[in-house]
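Two complexes, one shared chain (chain A), two partners (chain B, chain C).
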Partner chain A sequence: MHLEATNRTPEISISETALEMKGECYPEDITAFAEPILESLAEKLKACDVYSVSLELRYFNSSSAKFLFDFFEVLEDAAVAGKSVSIEWRYRSTDNSMKEAGEDFGEDMEEADYQLVEI
Partner chain B sequence: MSGGLFKQEEALLNDAKEKESSNSFDAEQNKLLLKGYEKLLKQTRRLVKMSDRTEAELNRMSKEQVELNQTLSEQNTKLETLSVKLSKYLSPQVYESIFSGKAEVRVGADRKYLTVFFSDIVSFTEITDQLEPEILTRSLNAYLNEMAIVAISHGATIDKYIGDSIMAFFGDPETLGPQHDAVKCVTMALSMQEKVKLLNHELNKMGVTRPFNIRCGINSGICTVGNFGSENRLDYTAVGNQVNLASRLESASGVGEVLISEETMLLTQEHFDFEPNQEIHVKGFARPIKTYTVNGHKTRKDLSGNLSFHSKGLDLEIDPLVLNEDSKKAITELIPQLQNIIQQSTKN
Partner chain C sequence: MDSHDFHKLLLSRGTFFCYSGLLSEEVLTAISGIVREQVTDIDNNENLTTRVFGIFVEQAQNIIRYSEERLALGGIGTVAIGHSNDGFIVEAINPMNAENVERLKENLKDLQQMDSKDLRKAYKQRLREGPPEGSKGAGLGFIEIARKSSKFEFDFVESPDVLFVLKAWIVP
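Take a look at the complex of A and B:
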C-alpha cells in the first residue's frame, strides 16, 4: 500500500515488514484516512513476526492524534502478543512540539521498542 | 470528526448499555468498561495537553508574524525614505524608469537621437570670489533649484550639474520625437533665461551684488546614452561628438543668449525666430559649424495649423495634428475660463 502525500495527508508506505509515514496530517475525513491504514497494519502484523515503523510528522491535528493513539495501540497489542515491533518517532531538532508529542505517545509503549530519533 | 474514529469506544459503550438493559451486566463487563474508560481518560488528557501545546505554538508563531510584519513595515518605510532621498540625485524620468523596472541598471548604452542642452553662469567665478561661502552656497543652490524646476516642467532629463553648469537632454528615457524634443529644449532654454532675470531680485536680497546671466548652447543629433562606469558605480549620461558640440555652443554663446546648431534650428524653425551667428570650429567636426541665436518664439498660425504664442504670463502651444478628443474637450472648456481670467485681470 502506498499513498502519495497531499497538502493535508502524509506519504504512507505499508509493506509486509515495515510502515513509513512522513509529512503533515490533518485530513478532511479522518475516518476515511485512518481506517484503511489501521486495517492494513493489523493485517500485516498478523502475518509477520518482526515489524518496523518509522514516523516523521511535522504537524497533526487533534483528530489525527486520536488516530495515532489507536495506531500505537495496535502496535503495542502486537508486541504484547509476542511480535517484535520497533518504532522510530523521527523529529527535527528544532521542532519541540513534535518531540514532546513523540514522548507522549511513547509513554504507552511497554513491549514495543519505541525510539525518539532527532533528525 | 466522524463517529468512526471512536468505533471501539462506541462499541464498548453500546455493548455495556445492552447488557445493562437485559440485566446481564456482570463483573467482566464492568472490568472491560473500566479499562475502556481508563484508556479514554488517558488519551483525553494527552489530547488536551497536545492541543494546549499546539495553541501555544500557534500563538508564538502569530506573535512572530506580527513582529515580522512590523519589521517589514519599518523596512518598507526606510526604503521609501531612502527612495525619496535617492530620487533627488536622479532626473525624474530616470528615477521612474529605474523604479518601475522599465530600465535595467547595468553598464550599457544605446544610440539615440537627443537634443542636448548646456548652460552656465557668465563670470560665475569672478562673481562668487567676492561672496561668503554661505551666500555662495545659498545663491548657487537657489539658482540650480529654479533651473531644475524649469527643466523638469519641460520634461528634460537633467544629466548633471558641474559647478554652475547644467547639462540636460531631451529624447531619453522618454521622447516625443526629435522635433518635439528639440522644440521643448529651446522653449526650456528661453524660460530659463526669463527665470534668471526674475531670480536676480531674490539673489540680490541674499547678498549677491552682481546679477547672474546665463548662456545656453543646444545641439541635436545621434548620441550614445546610457549607463557608464563600473558595475558598482554607474552614471546615466550622454556622450559623443554631438554632446561636445552642444557644450562648445554654450561656450560660444553670448551673455543671456541661447545659441543653437543648424540641426536644432531646422527642427525648430517653425516655432522660433533665429539670427545666424558666427561659424565655430569644433574638434571632431571637419567643417565649421553654423550657429544661430534664438531671438524668441514665433507668434503665428503656420501652414500646418500649429498655434504658438508666448509672452509674459502666457505660454501657448497647440499642435492640431496630435490633438486627441480629451485635448479638444479641454480647449472648449478652457475658452470661457480664459475670458473670465481676462475680465478679472482687467478689473484688477
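Take a look at the complex of A and C:
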C-alpha cells in the first residue's frame, strides 16, 4: 500500500515488514483516511514477527491526534501479543511541538520499542 | 460602509486574510495553501508559522462543525488572520446555539487558567478518554488552540442570536 502525499495527508507506505509516514496530516475526512491504514497495519502485524515503523510528521491537527493514538495502540497491542515492534518518531531539532507530541505518544509504549529521533 | 472602507478597515487592523461565508472541508482544502503561503511570506520562522496555521485549521474546523447556521456541506462563519509587530492573531466568528454558551464559557475559562504543563496534561487525558458527548471531532480543538497560542480571548455577542468570537494571539 502506497499513498502519495496530498496537501492534507502524509505520504504513507505500508509493506509486510515496515510502515513509513511522512508529511502533514489534517485530512478532510479523518475516518475515511484512518480506517484503511489501521486495517492494513493490523493485517501486516498479524502476519509478521518483526515490524518497524517510522513517522516523520511536520504537523497534525487535533482530529488526527486521535488517529495517531489509535495507531500506537494497535502497535503496542501487537507488541504485547509477542511481536517485535520498533517505532521511530522523527522530529526536527527545532520543532518543540512535534518533540512533545512524540514524548506523549511514547509514554504509553511499554512493550513496543519506541525511539525519539532528532533529525 | 463603502466597499473601499471595508477593504481599508481590514488593512488598517492588519488583517491580511479573511474568509466569510460557507466553510466546508473542501473550502478549507482550497484556501489552506494560500494561507500557508501568506503566513510564511510574513515570517520565515517555521515553528511560529506552523502554530499560526494549526490554530487557523482548528478555528476553521470549529466553524465547519459547530456553526449554528448551516448549509449541507458545512457551517457559516468568518475566519481571519492578522499580523502586527506583536505577532499574529487568528479570529473566528460564528453563530452558535445559545443553550451551549454556559458550558463552552466554563470550558474556555478553565483552559485560560492552565499553564502549558496543565494543557499538555489535559490534551493527553482527553486523548485517552475519547471525545466528550456532542463532539464531532476528537474534543481536542480548544485545548490545541490554547496550547499553540500565546493567549486567547473569547466573547459571546447577542445580536440577537448568539455570535461566538474566539481570538488567539501567536507571538514568537
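The rule is simple: the second predicted complex is superposed on the first by the 119 of 119 C-alpha atoms of A that agree within 3 Å, B and C clash if a C-alpha of one lies under 4 Å from a C-alpha of the other, contacts with A are read in each partner's own complex, and residues count from 1 in each chain.
The criterion applied here is as follows: a contact is a pair of C-beta atoms (placed from the backbone, for glycine too) under 8 Å apart; a residue touches a chain by one contact, two chains touch by 3 or more.
Everything quoted here is computed from the prediction, not taken from an experiment.
**Q** When the two structures are superposed on chain A, do chain B and chain C clash or fit side by side?
**A** By the criteria stated at the top, chain C and chain B clash after superposition.
**Q** Figure out whether A:7 sits in contact with chain B (first) or chain C (second), or with both, or with neither.
**A** The answer is second: A:7 touches chain C but not chain B.
**Q** Contacts for A:35 in the overlay, against chain B (first) and chain C (second): which applies, first, second, both or neither?
**A** In the superposed model, A:35 contacts chain B only, not chain C.
**Q** Just chain B (first), just chain C (second), both, or neither: which does A:97 touch?
**A** A:97 sits against chain B and chain C alike.
**Q** Touching A:69 in the superposition: chain B (first), chain C (second), both, neither?
**A** A:69 contacts both chain B and chain C.
**Q** Tell me the contact category for A:115 with respect to chain B and chain C: first, second, both or neither.
**A** After superposing on A, A:115 lies clear of both chain B and chain C.
**Q** Between chain B and chain C, whom does A:58 touch in the aligned arrangement: first, second, both, or neither?
**A** Only chain C; A:58 stays clear of chain B.
**Q** Pick one for A:15: touches chain B only (first), chain C only (second), both, or neither.
**A** neither
**Q** After the overlay on chain A, which stretch of chain B ends up in the same space as chain C: 7-15, 61-69, 97-105 or 133-141?
**A** 61-69
**Q** For chain A, which residues belong to both interfaces, chain B and chain C?
**A** Overlap of chain B and chain C footprints on chain A: residues 29-30, 62-63, 65-66, 69, 97, 100, 104, 107.
**Q** Enumerate the contact residues on chain A facing chain C in the complex.
**A** Against chain C, the touching part of chain A is residues 7-8, 26, 28-30, 58-59, 61-63, 65-66, 69, 94-97, 100, 104, 107.
**Q** Can you list the residues on chain C that touch chain A in the complex?
**A** 25-26, 28-29, 32-33, 46-47, 50-51, 53-54, 57-58, 61, 120, 123-124, 127-128, 130-131, 137-138, 140-141, 143-144, 148
**Q** Which positions of chain B touch chain A when the two form their complex?
**A** 1-6, 8, 39, 42-43, 46-47, 49-51, 53-54, 57
**Q** Spell out the residues on chain A that touch chain B in their complex, using ranges where they run on.
**A** 29-32, 34-35, 62-63, 65-67, 69-70, 73, 97, 100-101, 104, 107-108
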